[in-house]
Structure formats: structure tokens, C-alpha cells
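Letters A, B, C, D, E and F mark the chains as written, and numbering starts fresh at 1 in each.
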Amino acid sequence: MRHDERKADQLRKVDIIKDFVIHPEGSVLITVGNTKVICNASVEDRVPPFMRGEGKGWITAEYSMLPRATEQRTIRESSKGKITGRTMEIQRLIGRSLRAVVNLNELGERTIWVDCDVIQADGGTRTASITGAYVAMVIALEKLVKAGKIKSLPITGFLAAVSVGVDSQAGEILDLNYIEDSNALVDMNIIMTSSGQLVEVQGTGEEATFTRNELNSMLDLAEKGIKLLIEHQKEVLGDISLLIEENEKKQVMSK
Amino acid sequence: MRHDERKADQLRKVDIIKDFVIHPEGSVLITVGNTKVICNASVEDRVPPFMRGEGKGWITAEYSMLPRATEQRTIRESSKGKITGRTMEIQRLIGRSLRAVVNLNELGERTIWVDCDVIQADGGTRTASITGAYVAMVIALEKLVKAGKIKSLPITGFLAAVSVGVDSQAGEILDLNYIEDSNALVDMNIIMTSSGQLVEVQGTGEEATFTRNELNSMLDLAEKGIKLLIEHQKEVLGDISLLIEENEKKQVMSK
Amino acid sequence: MRHDERKADQLRKVDIIKDFVIHPEGSVLITVGNTKVICNASVEDRVPPFMRGEGKGWITAEYSMLPRATEQRTIRESSKGKITGRTMEIQRLIGRSLRAVVNLNELGERTIWVDCDVIQADGGTRTASITGAYVAMVIALEKLVKAGKIKSLPITGFLAAVSVGVDSQAGEILDLNYIEDSNALVDMNIIMTSSGQLVEVQGTGEEATFTRNELNSMLDLAEKGIKLLIEHQKEVLGDISLLIEENEKKQVMSK
Amino acid sequence: MRHDERKADQLRKVDIIKDFVIHPEGSVLITVGNTKVICNASVEDRVPPFMRGEGKGWITAEYSMLPRATEQRTIRESSKGKITGRTMEIQRLIGRSLRAVVNLNELGERTIWVDCDVIQADGGTRTASITGAYVAMVIALEKLVKAGKIKSLPITGFLAAVSVGVDSQAGEILDLNYIEDSNALVDMNIIMTSSGQLVEVQGTGEEATFTRNELNSMLDLAEKGIKLLIEHQKEVLGDISLLIEENEKKQVMSK
Amino acid sequence: MRHDERKADQLRKVDIIKDFVIHPEGSVLITVGNTKVICNASVEDRVPPFMRGEGKGWITAEYSMLPRATEQRTIRESSKGKITGRTMEIQRLIGRSLRAVVNLNELGERTIWVDCDVIQADGGTRTASITGAYVAMVIALEKLVKAGKIKSLPITGFLAAVSVGVDSQAGEILDLNYIEDSNALVDMNIIMTSSGQLVEVQGTGEEATFTRNELNSMLDLAEKGIKLLIEHQKEVLGDISLLIEENEKKQVMSK
Amino acid sequence: MRHDERKADQLRKVDIIKDFVIHPEGSVLITVGNTKVICNASVEDRVPPFMRGEGKGWITAEYSMLPRATEQRTIRESSKGKITGRTMEIQRLIGRSLRAVVNLNELGERTIWVDCDVIQADGGTRTASITGAYVAMVIALEKLVKAGKIKSLPITGFLAAVSVGVDSQAGEILDLNYIEDSNALVDMNIIMTSSGQLVEVQGTGEEATFTRNELNSMLDLAEKGIKLLIEHQKEVLGDISLLIEENEKKQVMSK
């Protein structure tokens, strides 16, 4: 039994609120247990210098935590004058994951900036960021379609992320909160699409190691969790979900 | 008449929500029209190096905006690697203002960090930050009293801030939103206590000037607005307000 | 009585030396008591990126102190690798104030850089900088007129700055030196034009507050001091002063 | 068939030269195909501030590439004034991996710094760095044992790393060179111990996805490659290898 | 003949004004032709961390130019956020040169900071800085003697610096101004003591080369110029000069 | 006698290996005693902004040391976020020296970047860098000639560098290793061409001074050492040496 009485394969309570902030093209507040992240998607009508003239678009992400999102106050990265390695890793991960389900050629020479700002943290902030960022990005892309700037939604499928791990007592568990994360022998983040394809697998045994069997159990748990998370995304996206499901079917058929 | 149909001396809708984030010692979300700021107060059991050994406490503030708090996305200060002049001015102002109503000797060698993070901006973010930061700080100080770490609430009175300005059509106006602020001939921020004392007066005629009469009209408007803001603070602080009112009376009597 | 035997409304000895450095388009050394600032104005034939193509000019200022301008040596900002909040506030203030009396449209797409370098400090360095910077800027603009690059002097009036404050013994006082400034209950900087219009009012009660009456007394003192400072400016500017006075009259008439 | 005629499960030529640089406590040059990395291990007799007083040691790594290690010259991170996200990710990965096979309690309050400097790059620089860094670290630790500073070699097993991937033609392949890496659909880095335990699994489908089956094939290839790399490590470590094998057996028995 | 009608071996007009700024322990304004440098010496009662506990003192220098010391405005190093290579070279040179004539053991654990701020530049700013810095440093050290903090003046001799060069027309010349410096084939800075010993020789043929004969002619010119500069130093130092001359004699005799 | 039994005028063992790294246009590993430097030359088809449109080329250098090139580990400049004064001095020196023997007009609008990375240090790293950088640069330029991008090798002569110094026991000595360098009274770096012309003379008496006679003895030693170093360069350059010798003769004849 886990300390918050969840079963090994049980997600925390998930909530995704649309239009949380008024200015961005896409904006959601995602809540996973006590973890809360504002995900804002912005459209910019140009791409970074290294991509100009290719006719392709780009998706990039930035991630940050408010100083008191955490139990102890952390110093702002703007005060330190530099971004930590952890932040860089996370924002590279978010951007890379989102790009896996976007047809960048259909997007045209545009950049979607996705800002994930953690206002309250209790473990799993990077996976909650990806799950929420996906929704914010889709909403922003939908507006581009509605405005006639792109022909159709350049999204090939749903995408969500979840953490899994190995606990010394509970064994393999799904969706770790902060206490579980701090004590886990193995910590893993899995990002998958609605068709069950893997986008990213990052497993780390900090001062520990793990077996192929444990890896497989964790992947099974993640698959289960991600399916539920995608249900939440579908609900908040409403009709847009149907378009994505259609795109997904076309994809499978064209393979 | 103002473009949002307010009267010249009318505040926007104000709302202060307590305990918005779970980790900080004091936390509020303040809403003034479409401006929303999370104000979190943290207690640290030491003071900055330049103050050690004096037995006094310190209040310091940090201010930041989410990239899409604004109509156009702004680059993060952490990405730029430095804090802008505007941010520095604002965080110095917030800290200085709060210190004017705190008895730093009674606080002891502790620092209160107040983080003001603007999640949505529509003018008046620095004054909303001060009005909200005051409440978050008081809640944090109250916990120190309850925990027996300090004898009594080291607060000498209420404190709130508001912007006033001169509009080419509407003349002197209270509580400018972003459109009004962009077009104002004169832009002023006033910080006052509940006893009507001035803490800070900052009036700027960007590429313009103003008369003593206009200054006086603006100060009258600010006084009116600040009284109403303090009413909101009292409501959310509940019983703690009574302690502050008592402290204020003692102060006046001892003069 | 003040510790240097001045009356409450008495300025320190003021001296403005023209052409102090040979290279700049405008250069003065301003001395106010023991405070000495080199003010150099440079003309650049373009404007910052955010203003290009508007046909307007720009005035910007930089401020710095030599390490031993002060009693104790201060570390250079170039060694620290960043500009302090105090410096940023001051250089933004100088630039904003100067722009209030310049017709930027008449200036054309040019930038005037005004560098204020304090070589000796004894309080009031930011107000001395503004009073001196105004003279250096006017001299540089006059050279543009003489060289036929602009038609007429784009200056709408004189501009000077002074500090005022509240002392626990002497009450409201004019032009604070370092010792007075360190002990003042209230510290205020006032910037006014020759026609008595306010450009900037910055009053701060660091760990203290002030009344509307005290504010009014301080404004009266400032008005008196600024009139005298403008007399000094007129003397050093000689014939150019007549042009400015004429511009000022035209302005008043056109209102 | 792969473009350099290797089989899918074939490593490039591996060479590990001991004592490449004279000053470090441990130093090797590792060559994997055309990839060459100098790995130097340094012993420092203290730990980072956050670990002081715990009686435990620490292993940390830094990674860098010479500007012309690559086909195109890259700008030095020292010239840019900051470390890129890629470098941060890699040096965090190297340090974390090495710590998985070191008994930090037995090390005592010491830090082992492992510097991995790529002098020539042709894909797989991070995995070559880990494989070489392990050897340099073990040599440095052995000197601490010889000098009587620690009782026994605090190493629980061998550790090596290899890249695997999915190529659109060749399918799953082992040990990708630069051309293969640039074209791979999936890119994965696997770090394992001599007992077949996983330490880190990082699989990324940049603008692509992969199946559980593909993941399993890649893990099989990696296991094969890592066994061979560990053979190379044993050869260069000579007698020290025996001590590590013994430690490994004790570990397995104590489980 | 040189363009300013000087002879090949003729210095520009030299002037050294004592007590130019009131706060520093030693302060001079040195003028060499149109080059003007404020040299301020500050005493700090400790040494840098790497020297603590050795009982020895340290001399260090910082060098900077006002933005409009030059014909074209240069960007401040504080705005750029870093010190240029040229500045670093110069301040290392000044510090090293001064240390050559100070008995650091007699100084005790104190640092003398010498700040050289160029307010007007016309070539030879680094050599004028050294010649002026020497005087400011001696005045500051003399105050330490007078205050009883050190027994005797820890100065072993006079020290001055001058530039020499090779001009395509005028041949070898002494004390180059800016125009000469810009056109010189060879540029050399020589630092010598009053006893004719060399402290530093830095000769550079930027895109050119020079012969041993030219080197010798330049050294002869420098020797002549430095003797005259030391005369100026003696004049401004007055009685202190006698102490230095005595120290110098003792030194020669003890050899 | 010197501590490594060399005579006063004896170089350490010198070795220059061509094509050490595969990617750069020119690459050598130079070994002087225990000092080892990788020198890589890269060709870029443009010049820095300040030189554009002049039709001339540019040679620039960067210098760095691996953290464990030295006895004690030094912190990376990329970690510190800035380049030290020492590094800046050295890379400016290398670039300036190389430019003295290159005809920049013949090079056309191209930049040659020369990267000198010290992998093992035992004194004389800057002079070894210059001697090796010259060879790498010539190889890169030769490739430009072969590719028909420039007509002929734009090199006017050979160039090498060596250190000399004054030792308290051994007197004037050639090619100081680290121990000798640490104890030397005078430290000097000389850069000369094959025709015996001086390019750069940098002599420093850190907390000491030197006479004209000592200077002359050191220059004699340097001349001897540089001749031998140029022999090594000729050997490794093979046939290219003949072209340079011819260019040199033409130069002498045209004078």
C-alpha cells in the first residue's frame, strides 16, 4: 500500500481547465494531485534562424517553477543569471515530445512556444507539463485552422506523459508524488501516443540499478496511466478530439 | 467617461483569495480587473550578510511576469540571463513599501521573502503586487506569532497601493488599466497606510509634465482608492485585522 | 540649523564648467557642494531598433560612479558583471526626465547618449547628474543646429532637479548632502521645468511615512532650489538660453 | 548492411590507452571508431557544500568538446559565457551513471571529478565518455587504496555505455556513428553493469515514435555491446579487474 | 618632424595634480598631452583569499575609460557585462609593475587598490596610468606610515612608464599620441625604475616586425623619457621623495 | 646546471605531429618536453563585422587548457562563465603574432581560426601554442591554394616562439619548464621570424627588475632557440617549406 492509500497502478486526481489565462492562443491549468502547472501556447509567425527558408514550423518549450512552488523556497533562475541543468533537460524534453505528434511541414514557418510554469509542485511536474502543454498547443493550432492560416490540424495523435518508478516496499508504482519520488530506487518518465507508440523513455537508477523485468512492469503501468490521461485530454478538447482521432486513423492506414 | 465605462474615481473589481498555493507561509491570489498576481510570503531564519548581528529582521521582494501574462509574449529574464531595469525598480519598490509598516526590531533576525508573480497583466501590476503582498506577508507573520517565535504581530498599520494618472480626455483617473496606462500623459503610483500617511509617491510625465493642481487631484483619488483596497484586505484577513487596528491606535497615541 | 550651517532652503555651492572633456559633442563638469559629476553628451546618427523608421529621435542616459567617488571603495559594476538596481533606476530617471523637454520629432532619427560619471560623491548625485546632463545635451543639440543637421533647437524649456527631505530635527530641507541623506526620514527627488511644471516626483519614506503637508512643504522648497539651478544653467549656456526662452514662450502661447 | 559495412550488432574498433596525461590521478584516452575522448579523474579532499558532514563521497563529471572535434567548428562554451543544455544533460548523465557503481560511504568525504574532453567526434561521444570515465575513475580510486586513504576499492561492478537506434533501412543497430545518428528514427543510450543490471535507459524518437518490440530489440543489442566494452575495460585495468569481480560476487551473494 | 612638431625624443607636457578627489587615501590627476587619468589609491585591511596568513601585502589595479574619453563613444564594460581583453591586460600590467617597487613584506596583510580612470584619451593611457598610479600609491602608503600602521615607507625606488614606437617617417619616437600610435609600425611600452632597471618591456609589431637595432634605439628613448617623468613625480611628492631616494641608496649598497 | 640537467641554451625535446585530428583544415599536436598542445586551424569564409567589405582576411586564435593539463585541477572557464585575463592575453598574443607573417590582402575575406588546446602543461604553453599554431595555419592555407581559392601561399616567412628567463642560480636560460618558470626572476616570451626579425618581445620582472645586459643575453638565447624550432617546422611542413623560403627571399629583395 502507498502512503496516500493509492493502488500501485492508480493515478492521482487529474483536472485540466481550459482558457486559464486570457492572452495566450492556448492556455490550460493542469492539476495532478497537488501538482499544478499553467501551460500557455503562443504562436509566432517565424522560425528560429537555423530553420529559415525550409517552409517547416517549430515547437519549443520553456519550463519554470515559481520560487514557492516547492516546500522550501528556491532561488529564481533570473536572479542566478542562468538556467539550471534540470530546467534545460525538462524544456528540451517537452519540446521534443510535442514535436513527435506535430506535422511540422503542415504548420508552415511558424513557432509554437509552450510555456509551462509550475505554480505548485508535488512530483511529476515534467510529465504534467507535457500532458497539459499538449492540450494548450492543440487549442492554439486549432485557432490557426479557424483563422484560415493552416488548412487542417497538423496533429497526428494524442500524447501524454506519466512517471513510474520502483519503490523499495510497494515495488513498481504509477504517478509518483514528491515523497515517493524522493525515495524511489528507480525513476522513469514515459511519453506515449494514443496509438501506444513510445515517444520517449527515460529511466534512471540514481545510485541504484534495475532489471529488464522491472523495466517491463513499469512500461505496462505507464501505458495504463497514459490511456487515462488521454481520456482527460479528449474531454477538455471536445470536438477537436474527433479531428485528431481521424488524423490518427489516416496515419495508421497509410502505414 | 472611460473606455470601460468606469467613473474617474472608480476602482476595478478587486478580489483577494487566501491560501492560493499550499507550501508558502502566506499565499494569496489578488485580482484587480484582469490583472492577476500570485503573492507568496516565505520565512527564512536569517538576514542578508550586511544586516547580521543587529538583531533586526528584513523584508525583501521579487517580482516577475509569466511570458504570456502580456498580450505579446515577453522573453523570460532567466533566458536573457539578467533582470531588466523595470523589474529591479518594481521589486525594490515592493520591499521598501512593505518595510514601512513592519517593526523590523520585533521581527528578529529573520527575512520575509515576498514573491509576486504576475500570471495575467492588464495594468497596475506593481500596485496590485504591493496590495496583495501585504496580505501574504501579514499571514506569514501571524504564523510566526502563533508558533511562538515572535511575541506580537510586528505590523504598524495597513498598507495598499494604487495607480493614478492624467488622461488627455478623462483628466485625472484612478486605477488605470493597460490601455489607459499606455495613453496616459502622467503615470503615478501612490502607496499609503490606513492612517492616510504617504509611503511612496512616484509620478512620471513620460514626454510630458504636470502641475501642482493635477498632482493634488491625483493624490485625492489615490487616497479614496486605497481606503477601498484596505477594506478588501481587512475582509480577507478577518480577525488578524483587529490586531493591526489596535497596533495602529497604539502608534497614534504614542505620537 | 543644519550641520553644515545652511538654512533649510539653501542650496550648496553650485558650479558648472563647460567643455570639461574635449571629445564629446557636449561636456560639463557640475559641482554641487562636494558632489562632482562629469556629464558628456554624444550624438549617434541612428535610434535603437524598437524606434527605427518612425522619424523620431531618442535620448538615453548612463550613470556610473568611480570606485572611490565614495567614502568606502565600491566594487566596479564591470567587475561584478552586472549593473545594480540603483544604477538602473537612476539612468532610467535621467533619460526620462531629459526626454520631457525635447521635441523628439524635430530631433530626427538620432540618439543623444548622456553619460553621467560621478567622480566625487556627497549626496544628490542623481539630481546633479540631471541638472548637468541637461546642459551637456543642449550644447550637443546646438552643434547639430549649427551644422545644419536640424533646423532649430528642439528644446521646449529648461530642466533641473534637486533633492528635498524631512530631517528629524531640521524638518523639511533642500539639497541634502550625504550625512543628511543617510539620516533623513523622507527622501524625495523633484524634477521641474522653468515654467514650474513637474516632470518627476519621487518621494520615499524608507521605514517611515509622511503627510500631505510635508509633501507640499518639500515641493515648495524644491521649486525654489530648481529656479536657482536654472539660473546657473542659463549663465553657462549664454546665448543659447535666449533660444530656449523663446521656445518656451511659443509653447505657452500655443496652449 | 550499414554504410561502413558493419553488421547490425557490431561495435566499432575500441581502444583504451592508460596514463594518457601525466598529471591526473586517473587518465585514459578512449577511441571508439573515429570518436576520441580524453577522460581524466581528479581526487579532491572535500565534497560540495550540500553534502558536508555526512561522511559520504561524491562523483561529478564535466564534458566538453574541442571546437574542431566536429566537422564544423563550434563556438567554445567559455566564449559564449554559458554551458549549453546538451552539455549539461551529458555531464549530469555521466556523473549519475558512475555513482551507480560506487559505494559513496566507503569513499569518505572526497569528490572524484571526471573530465571528459572530446578531441574528435564521430557519434557516441557521451557513451564513449562513460565507458572511458569509468576506467579513469577506477584507476584514481585504486591510488587512494594504495595510499591507504581508503580501505578497499569502493566499486560494486563494471559499467559501460553504448548507443543503439532504429535505422529506416538497417532496422535496429548497435553503436551508431555520426551519419547513422543523424538519420536514425530512434536514438537510445543504454548504460549497464557487468551483472546485466540497467543503470540508465534514454530512448528518444525525435519527430518519430517506436514500439515495445523495437525497444526490446535495442536493449538486446545494447546488452551484447556492453559486454564487449567491459572486456576492453578489464584488459586495460589488469589486476584491478579481479578486485572488482570479487566485489561484484559479494554483492550478488549478499542480496 | 612629428605632426605636433615635437622632436623624436620629446615628451608631451606632463602635469600631476595631488588630492584631486577627496575620499581616497591617495589621489592624483595625471595629464600627459591630452591624456588625462584620475589615479586613486585605496587601502584595504586584508589581502585576497589566496594570500591570507602569509603576512604579506598586495597591490592590485583596475583600469577603465569613460565612454567619451575617446573620439568615438565606446560602450561601457558594465553594460556589456564583461571586461575586455585589452582592459584585463592593462590592469594586470599596472598591478605587476607597481609591485616591483614595493616591499610587500613590510606592507603587512593589506591590499592597495589603485583605480586608474581615463577621463580623456590621446594615446599612452596605460603608461600615464602607471606613472600616476605610482604617485597615488606612495601618498596612500605614506599615510599608513604617518598613522603608525607600518614602520617605514615600503618603497624601493621610483617607477614610471612611457611608450615608444617606430614611425614609417620619423623613425623611433618617444611618447606617442593617438594619431602616432594608430600609424606606428611598432608599439612598445617600457617601465623602468629610477636606478635604470627594467621592470617590463612589451614590444609588438602588429602586422610588422622590428630589428634588434630598432629595439635598442627605442630602449634609449624610453630611458630618457622615464628620467623626466620621475622628475615630475619627485616634484609633486616633495619631501616623501627624499625617503624614497634613501631607500634606493640602501638597496644599491646592500647588493 | 639546470634541475633537468639541460644547458642554459638547450631546448627541451620538440615533436610536431601532423593531422592529429581528422576534421580541421590544419591540425598538429606539438610536444615540447612535457607540454602538449593540440593546434587546429579552421577556415571560415567570412571576416568579423568590423572588417567586412575591405577585401582583407583575418587570423584569430583561441587558447584553452584542459582542467587537468595542470598539476592541480583548474576550474573550466565555461563553468565560471567567463574567460580569465591570462587566457585573453595569450589568445590575443597568438593571433597578433600569426598575423605578422600573413599577407591578409592575399587571403581575401576569410578568417582562419586557430584553436590551441593544451592537454598537458609543463611551462611554455603559450610559446608552444604559437610554434604549433603556425604549422596548423600554414597547412590550412595550403589547402586553400590547392583548392584554387587563393593564388599562392600568403605567408611571408617562418615564425616561432620561445620563452627565456633569468634564474637566480643558472642566470639567463632558454625554454623554461614549469618549475623554472615559477622560480624565475624574469620571464620573457620572444617571437621571431626566420629572417631574425622580432615580432613580439614581452619581458616581465614579477616583483623584480632586470638590466639591459640581461635583456640582451636573453634575446641571444631566444634567437638560437627559435632557429631550432623553425627547423622542426620545416621538417614537418616538407615541400611547403620551399614555398615559404621563396616568399621570404622575394620579400628581402623587394626591400
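Going forward, a contact is a pair of C-beta atoms (placed from the backbone, for glycine too) under 8 Å apart; a residue touches a chain by one contact, two chains touch by 3 or more.
Worth saying up front: this structure is predicted, and the values here are computed from it rather than measured.
Common neighbours of chain B and chain E (chains touching each): C. Taken over every residue number at the interface, the positions common to chain E and chain F amount to over half, indicating a same-residue contact. Ranked by separation of Cα centres from chain D, the top chain is C. When you average the Cα atoms of each chain and compare centres, the chain farthest from chain A turns out to be E. As a whole-number value, the distance joining the C-alpha centres of chain C and chain D reads 61 Å. Annotation: 52 Å between the Cα-based centres of chain A and chain F. Inter-chain centre distance (chain C to chain E, centres taken as mean C-alpha positions): 35 Å. For chain C, residues that reach two or more other chains under the stated contact definition are 81-82. Moving round the ring of chains, first from chain A across to chain D, one meets them in the order A, D, F, E, C, B. Here chain C touches chain E in the complex through residues 21-24, 27, 34, 38, 40, 42, 44, 62, 64, 66-71, 73, 76-83, 87, 113, 115, 117, 119-120, going by the rule given at the top.
Within the complex, the chain C residues that touch chain B are 82, 85, 88-89, 91-92, 96, 99-100, 104, 188, 193, 196-212, 215, 219.
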